[in-house]
Each structure stands twice: as structure tokens, then as C-alpha cells.
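Here is the structure we will look at.
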Amino acid sequence: MSLLERLFGVFSFLGHDLGYAVSYLIQAVLYLIVIALLLILMIYLFRKFMARLQQRLGPNRVGKFGSLQLIADAFKLLGKESILPSERDNFPFVVAPMMVLIGLMLAFVLIPYGSLYWIGSITATHSAVSVILIFALMAIMPIGELLAGVSSHNKYALLGALRAVAKDVSFEVPMMLSLLAVVMMASARVSTPLDMESLISAQFLAYGILQPLGIFLFFIAMVARASYTPFDMGESDSELVSGYSTEYTGMRFAMFYIGMFGTILLGSTLLSTLYLGGYSGPFSSSIGPIWVFIKAIILVLISFTVWLSLPRIRIDKFVNFGWKYLLPVSFINLILVGILTLGLGW
Amino acid sequence: MIGVKEVEDPKKRVPLIGMIGGMATVGKHLFEKPVTVQYPEQRREMPERFRFRIFLKLDDCVGCTLCEQVCPNGSIKMQPVDRENPRNKRKIYPDVNFGTCTVCRNCQEICPTDAIYLTNVFETSRTRNSFTYSPEELALEEDKVKK
Amino acid sequence: MVEILEEKKGKDGRPIFVIKKSDLLEFMRQKKQEGFDHLSLITGVDRKDYMEVNYHLYSFSKNQYIVVKVTTDNLTVPSLISLWKSADWEEREQYDMLGIRFDGHPDLKRMFLPESWVGHPLRKDYDLNNVQYINMDEYGEDYATFDPGDGW
Amino acid sequence: MSNLVELNMGPQHPSMHGVLRLRLKLDGEIVREIEPIIGYLHRNAEKLCEMDYFCDNIVYFDRMDYVGAMNMEVGFLEAAEKLLGVEPPERAQWIRVVAAELNRIAAHLVWMGAFGLDLGMLTPFFYCFIEREKILNIFVELSGTRQQYNYMSIGGVYQDITPKIIEEIKEFIKQFPKKLEEIANLFLKNDIFLSRNRGLGVIEKETAISYGVTGPILRASGVPYDVRKEEPYLVYDKLNFDIPVSQKGDNLARFMIRLEEIRQSVKIVDQAITKIPDGPYFNPKAKKSLMIRLRGEGEVYARTESSKGEFGVYIVGDGGVKPYRVHVRSPTFKNLSIIPAVAKDKMIADLIAILGTFDLVFGEIDR
Amino acid sequence: MKTGETGILTTTIDKALEWGRSNSLWPLTFGLACCAIEMMAVQGSHFDISRFGSEIFRNSPRQSDLMIVSGTVTKKMAPRLKRLYDEMPYPKYVIAMGVCVIQGGPYVKGYSVVLGVDRVVPVDVFVPGCPPTPDALTYGIMTLQKKIRGETDR
């Protein structure tokens, strides 16, 4: 029994077609709410975590332990004036933040979360090529960033967008190659290795242990995709004011802000699925989604620590690093995995 | 003995190890106690020399105008106040403009009778730009100002 | 040959050489060859009827400190920018504050205040009651407005 | 080239350490031309000094290098006391040394944290400020305020140092080096930090001297020039410490020099705190109501080593109760003038890093 | 609530917005002079302004709600300050920190200092002191919060 089937059980009086349509819609809304709540929780967690790392307390005035802080932020951002700079390119300027958010939300839907034993499977959609789809959806986000930077007619924003794109180009290929290694290893055991669920079922041992290089590469790529500090050239808080989002106000800025945190959550969820066994969990898969998020949150906290303690790499050095070190290493990873898979029959 | 010491650059070491060590150092602070003093509820212990706002003892003021002279930017102006004080024949007392007062303490230092003095009351922010305190307001007891 | 008009000791024990304005560049070149490689400070002093310019030189190798003093009636002094690069900003500052013009300075413009500011503030006859304020044009450049009234 | 992008960085920009405006000509990411425009914090301190009594001038000097105000006070009083002929007693001189060196540590800590922020390191900033806060607490006990102390006055210091404060300083000195190493390791063991600073922004010795650069930046370029060594003021000649010097001249060298200076300052405070002699802390010649009647004539130049470099004060007196002309040789003003030469043809990120190592404080540059 | 006609819904929304605004004041990273260091100290661990939800110092004026004018505003800086203020989206608040921006402070006799930033931009809360201690600034921010919620009379 999956969540969708249960919903259809409620709405089956509407007939097959309409019933499924309504159930899908409700499921989508539920997903949106849950993901939004998760993101709010993430940002709250980040602020508390950052505060504790810096021997501070963090927000603690609104609600118990400041738990309503993000709600207050949301209210404030909703009530903010939305400034559209007079020299903008109207359409891309308005669309760019939405692209970031839409790409993010859609990618979340495709991830298999496993099943909770009292609800059933809560995986939203199932696709035979979900791996490719997810990464295709994630690729929408940098386009949004580029559009934002170019369309706001601000020099800082332009420079930030160019940096962001240069950064994206240099880590995408290693990320894809490390993903290829995962798919390769899975293809020896399952027939549909491009499906996320079969990728999990193929992991007799977490791939993170079998592919230490791969998980390392993917972690770097994940942090870079989320543009966290060693790789936040696009934002460059101290150099380019606020990078590509310099001219954005209110909710539009909030979309970028959420996108930044959402990407790291998405990346960690992906990493936990691809390399750490996802919902199959160490002991029992009956609380699959909880396993996924425990793993994801640990990874998120690690990436927060990375964010807070490392300085920013210069963009040319990162491009250098990407092509001169990450790429060869990912090839080595691929070869090693090939040897493991074909030679040893793992 | 003042010598000259050549400083050396940090040695080159294996990449990544140091970075992970740095992250561990940062992560270690997660388990340390926060140093925050939650201001409105808890107050830091103010050392006794801490000074912020000027107060005046009307009875001690002799109207010598030294504080007015020594104030670097004219925050202190002498005002006539109708008040019986045998020591203050001219009946002038200082008023202080906290909109310019730099808390330099020269007035306290120079006052021959210690009539003008600074205290540790610091909650003086206002929503309007009027910070000139008359001698009577300056003479208010500290507790009254603190609320 | 450079003629030293007067050599005296300041209150802080540093030797002061008073020289003629026309000899300044020559004298400084000599001193630089003698090892005074650090031009520490250029100070103009408004003596009401004439302007005095003090140059503070220091030698890293000899650990000596000297002061060179010239006076000028017509507000011009030769520029030292050919000897020390640090003279650039120092001279611009003195020009800004006192209106001393340094002959041979390639880019003598105001340092702190906008170009259209009226008067040189550190002169003794500068009238503080004349309030000027600064505006910004659309290109981000400053211009001063003279306001005899209230102003800022 | 006509396809250069002109970019105005500042006066409000997160990494300008105040109100510096840089007019950049960019070729993509690379900075081709830099023109610093200053004066956004020109507060006419020199003019105001002429309008006030000698004892009041300290107020303006406090606000010059606002992160190292004690050093500014020392610098001004070195000059003013010579001009007025008031000698501070022995005890006051030792107290001044302790205060100045503690403030040097605080100033360098602010710089270190801000430099980390420039490079994108968020957390070291907080650790630096935690340590700085401890120093400021000592200063509050000593002088009464946190930042603009007005603690030293002509002829001594306003308030005596008490045994309690001495104990606190000792306690601070005891725990500080460990913390410092911890913070320093966050920087120095970090490959990204090193790669962004090693060999970058090299200032040659000759260039540095020609531009009149002093302080840590000059010492990083290989000139062991420190006023405390060349012309000891106060009681520095009775103390045992080293002047750090490096031959590299790059960003990393400047970082290392400042780090070593903090260590040396700790050493100085450690020595000086035990050596404070008994006696008066104030010269009675300048006490109380006399302090606005001090007159000075002649001209005096005194240089001291502030946390940024050689800080010189030039005072001309005409025999009145107010100085006739005060001119300040501000170290960062000179240091900043070398920026166009150093950061040319570097990337924007490098420009920010180089600016970060210069430790700019605009109260002092614009005065 | 300015007019008597607003309904319960609008009042509730107003209240919610006020609550949100007052508890989430994101300051602009805008350091001018001495007070900027104390502003940084407020951000620092001992005082921790993030407790009030103001921890995110945004660099871009477009994303900040609160401008803490920390330090002397010179006449040369005033037009820039005005421009920055104009760039901020409504609702925006200004705290004048330190006596320099209140009435000129130590530089009141000089020629190049704006005698009070309220001549350039509207100011909500004045925090005197030279510089105000971080506690005093925290008190100022609390005053502003009260002002946003319409509770203060100071």
C-alpha cells in the first residue's frame, strides 16, 4: 500500500480518473507542505547549529527555543516591498527565482523515501530513469542563477552569475562520473540501474564503503551545488555584495535563500540514497523515510561545518581543481569500480 | 632587549588533513558552553568604573563653569536654575546634551566638588532626537531613571 | 650648493634644517643619497602671513631622523614625487587642507573633500560658519554646494 | 582597451572595512586599474584639535584608530607631554605599556576576524571576538569604557591599576596563547587559506620604502623597522621581546607577522605586569583643575608604533592653551597608497584578500 | 487600525506582520566608523543579537530591513547613505547608533560632519553613547521592536 493508493481509497467514489487526479493533487500538496516544513526546520537547525559552533545561543525569543523564528521571517518577507529594478529584463528577472525553487521541488519528488509501516510507501512517483531525471531537474537551478544575475543589470550580480556558472561547469562532470560508477556497480545486480529504488536494492553493502573516492567526490559536488562556503563564488558575500541575488527583495530573495538550503538537503538525501543505502537502513527498512532523513541530516550538519569553517576558493583555482584533480580522480574511481564490479564480481 | 625574529611560513603538509582538523576544532565548540549573556534577563556584571550617563548633585555644584570649559564639544552648557544653594551664588548649573556627550569623563575629573559624575546607566535610547537633559533631570536619582 | 639657512634642534631633539624653497629638490636628493630613504611626513603649517612646510625624513639604515623646513609666500613648493612615491598622497592632502600647491605633482587634486569645496579648512582664516554640503550627481561623483544659510 | 567594465566598490561594501571607495576597471574578473577614493570619514580631527585644549584632544585621537585607541593615546601623549614639559611618572609609563600592548592584541584580533570574514570564514571571527571581549572587560575595569577609553591623560593616567585588574590580566595572559594557537590553526592549517594568500600581493622592499609603508606590512617585506626598537618610548627598552620580520612580502607573511606580534605582545604584557613599580600614577603638575591651563610652545614630533605602523603626531604650539597645528602621520593612510601598485592585474577575490591584510581603519586614514 | 473601519482579519494580519517584522530585523552590513566595531561585537558571541532574530547581516540593502547607522556620517557620505536607504525595501527602519549620528558628537564644531543623520534619513531609534555599549545597542533594538509593535512611549 502506498500513500497514493490510500488516498485513492478515500476518493474512489469520484471514479477512476477523477479519483486518481484528486489523489495526485492532494499528494502533491502534502509533499509540498512536508518539504517546506523540512526546509524551514533545516534553516532553523542551521541557525541554531551555527550559533552553537560559535558559542552563541541563536534565536530564542519567539516561541520555545526560538522555534517560531522562521515563521516570523516568513511573515516579514511576505510583507516586504518587492522592488523590481528599473533596468531589469523583466521576464527572466521574475522567472529566475521560481526556476530555482521549481527545479528543487520537482527533484525532491523523484527520490524514493521507502515506506513507513503504518502509511505504506510514500515515494511519490516512480520512474525507470529517475536518476537521470533528478539530475536533469537539478540542472535547472544554475540556469535560474545565471538568469537572475544577467537580468538584474547589476555588475555584482553579473559577476556572481558568471562565477556560479564557471563553478557549475567544473564540478558537474566529476559528479556525473561518480554517479556513473554507482550505476555501473548496480548494473551488475539489477536490470534497471537507472531507477533509484533498484539502486538501493542493489546495495548489499553501502556503496560509500565500496567507493570511498566516489562518496568524497559526490560530497564535494553536493556542497558545490548548494554553493556553500568553499564554493560560494556565486554569492561571495564579502566580495560581490550578494552575488546573483543582489537585486532581489522579499519573497524572491527568499526563494534563492530556500533554494540554497534545499539544495543541500536534496544533495544529502541523494547521497544517502546513492551511497549510504537510503531507506534500507542499517537495521530495519520499516521506518525507511526516517532513516533517509537521519542520514541526510548528519550529512547536512557536516556540510554546515564545512560552510562555517572554510574560506572561499578563488574561482580560477576551483576551475583548476575541478578539471585537474576532481576529473582524474573521478576517472580513477570509475576504473576502480570497474575492476571491483567486473573483475571481482561485486 | 629588543631583538629581531624571522617568522617562517607554515610548512607544507598533506592536503585536506589540516582542513579536517580545522573543521574538528570548529565542531568541538558545539560541546562548549555558550558565552552569551542574555541581556535583558541577565545582566553582565558592570565593573564599578564603568561609566555611561552623567548625573549631577545639585547641592554640591558651585557653578564654577569648569566642566563647561573642559567639555571637548560643548555638550555641557550652564543654565540658570532658581534654586537656593549658598555655595552656588550665581545660580547656574550644567545641563548636558547626551546627543553629543562623548563620555570622556573630563568633567568628572575636573569638577572641584565632585558634583558632576558618571554612572553605569546605559539604557538611554529614545525614539526622538532630544537628549538635552536639564540640571533637574540630571539630578534625578539613578533608580528613577533605571525604572 | 645647497645653502642651509638655519640648523636647530627641535623640542624633541630632532635636527631641523631650514632651507630655501628653490633648494628643496636638490637638498632632498642629497639626503636621499645619504640614506634617508623614508619620507615620513609632509606637514604644512599656516603661519598666517606665510606658509611653512615641514618634511620628515628617516633613514632605516642609520636610524636618524631629520626635519627639513621650507617657507613659502606664494603657496607653491616643489613636489617631491620624483623622489618618493609616498609624497603623492601626502602632497594631495596638504593641498586639500591648506591649499599649498606642489609644482610638478602630476595629479594634484583634493584628497578628502570634493573638488568644488570652497576654501582650505586648516587655514587659520577658514570660516567655519559658512556651511557647505556635498551632493552626489547621477554618476556618483561629488560636488559641493555652498549654503550661506542653515545647510546641514 | 575600451571593453573594460568600470565598477565602483564602496564606499559601502562588506569588505571595505569602513568607507573606502575603489574605482575599478575590470577586465572580466581581473582588475586592471584601481583608484582609491577616500575622505568618506573625514571628520576634521586636526582642525578640531586646534580648537580645543590639549587635554581634550585625546578625545579625537581615541577615535582615530578606533580598534587600538590606547595606542593612539600613547602616540598623542608622547608628543603633547614633550611639548608641555610634563613627564609622566614611572608607574604611569608601565601602565601605559600594559594598556597599549593589550590593545594591540585586541586590534589584531579584530583584524584577524575581519580578515577571515573577507575570505569567507565565518567562525574564526566569533572566536576572535570572544577573546577580544575578555580584553575589553579588562579595559572596562581599568578605564570605564569599552572602546574609546580616554584613559591616559597628560601627565599620567586617570585611574590607577588595581591588584584585581592585575590578577585579571594575568589570568587572561595565561589562557590566551592556547586559544590563539587554536584560532591560528584554523587559518594556517587550511589549504584553501594558504593557497589564497601564499605568494599573493607581494610588496618588494624598495617599493614599500618608497611608498612610505610602515608597520607589519613593511616588516613583512623585510625591513625590521619598529619604533619600539629604533626609538624606544615609554619603557619599551626595559622589556625583552622580538620584532618579527619576514622576507616574503606576501599576504601570508603579513598574516604571520601580525600573528607573531600578538604573541610578542603577550610576552610584553606578561613581563610588564609584574614590573609595575609603586608610586604615583599622575604627575601633580597636570592634575585636576590645572589641566586646562597647560601651555606649550615650539614644535614636537613623536612617533610611536601603533598596531598599524608608525603613528606620528606633530604638534606646533604657540604658547597658548590650545595647540597651533596638529598633524597626524597615520600609518594606514600611507599603507593604503600602495594598493594601486600591489593589486593591479589581480583578480577581484585577490584584491579583497590583499585589502584584508592591510588592516585598514578609516578613522585614521581620513581623520 | 489607523482608521476605525478595519476588520478583524486585517487587524490580525497586521498583528502577524508586526510580530514578524519586529522579530526578524535583518540589519544591513553597514559599518561607518568606531561604532561599527561595537556593532560587530553585538553580533559576536557575548551579546548575540541573533537571539532577537537579527543574526543575518545582509550585505545587500535590497534584502535588509534595518540600517544601523554606526558611526560618523560625513557630508561626503550622506548622499551615499541616502541612496542606500532608498535602495532598501519597505518597511525599513533606521537606528542611529552613537552620538555622532545623533547630533554630531565630538565633531559638532567641525565642517565636514552631518549634525544628525535624521537630517538625511528618517530615524526610528536613537542610541546615544560614544560608542554605545553592545548592551545599549541591544536595548535600542528592543526599543525598535517595541516601536514596531506600537508599545513604546519613549
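Some points to look at:
Chains here go by letter, A, B, C, D and E, matching the order in which they are written, and residues are numbered from 1 within each.
The criterion applied here is as follows: a residue touches a chain if its C-beta (ideal position, glycine included) is under 8 Å from a C-beta of that chain, and two chains touch if they have at least 3 such contacts.
As the structure is a prediction and not an experimental result, all values here were calculated from the model.
Steps from chain B to chain C, minimised over paths through touching chains, total 2.
Any chain touching chain D that also touches chain E appears here: A, B, C. In terms of the distance between Cα centroids, chain C is separated most widely from A. Here the two chains linked by the largest count of contacting C-beta pairs are B-D. Centre-to-centre separation of chain A and chain B, using mean CA positions: 49 Å.
Separating the CA-averaged centres of chain C and chain D is a span of 24 Å. Averaged C-alpha coordinates give centres for chain C and chain E that are 40 Å from one another. Looking at chain D, one finds that residues 14, 39, 42, 44, 47, 59-60, 123, 126-127, 130, 133, 148, 186, 190, 192, 366 touch two or more other chains.
Contacts with at least two other chains are made by residues 112-113, 121, 126 of chain C.
Residue positions of chain E touching 2 or more other chains: 45-46, 48, 51, 59, 76, 80, 106-107, 109-112, 130, 133. Per the contact rule defined earlier, chains pair up in contact as A-B, A-D, A-E, B-D, B-E, C-D, C-E, D-E. Listing the residues of chain C that touch chain D in their complex gives 10-12, 14, 37-41, 43, 45-46, 54, 56, 60, 63, 65, 67, 84-86, 88-90, 93, 97, 110-113, 121-122, 126, 140. Those residues of chain A that touch chain E in the complex are listed here as 47, 51, 54-62, 66, 69, 71-76, 78-83, 237-238, 241-242, 245-250, 253. Remark: chain C residues 112-114, 121, 126, 128, 131-136, 142, 152 touch chain E in the complex. By the touch rule above, chain E contacts chain A in their complex via residues 16-17, 19-21, 23-24, 45, 48, 50-53, 55, 58-60, 62-63, 65, 87, 89-91.
Contacts from chain D toward chain C in the complex involve residues 8, 38-39, 42, 44, 46-47, 50, 79, 82-83, 207, 209-213, 223, 225, 230-231, 298-303, 310, 312, 314, 316, 324-325, 327, 329, 333-334, 337, 341, 366.
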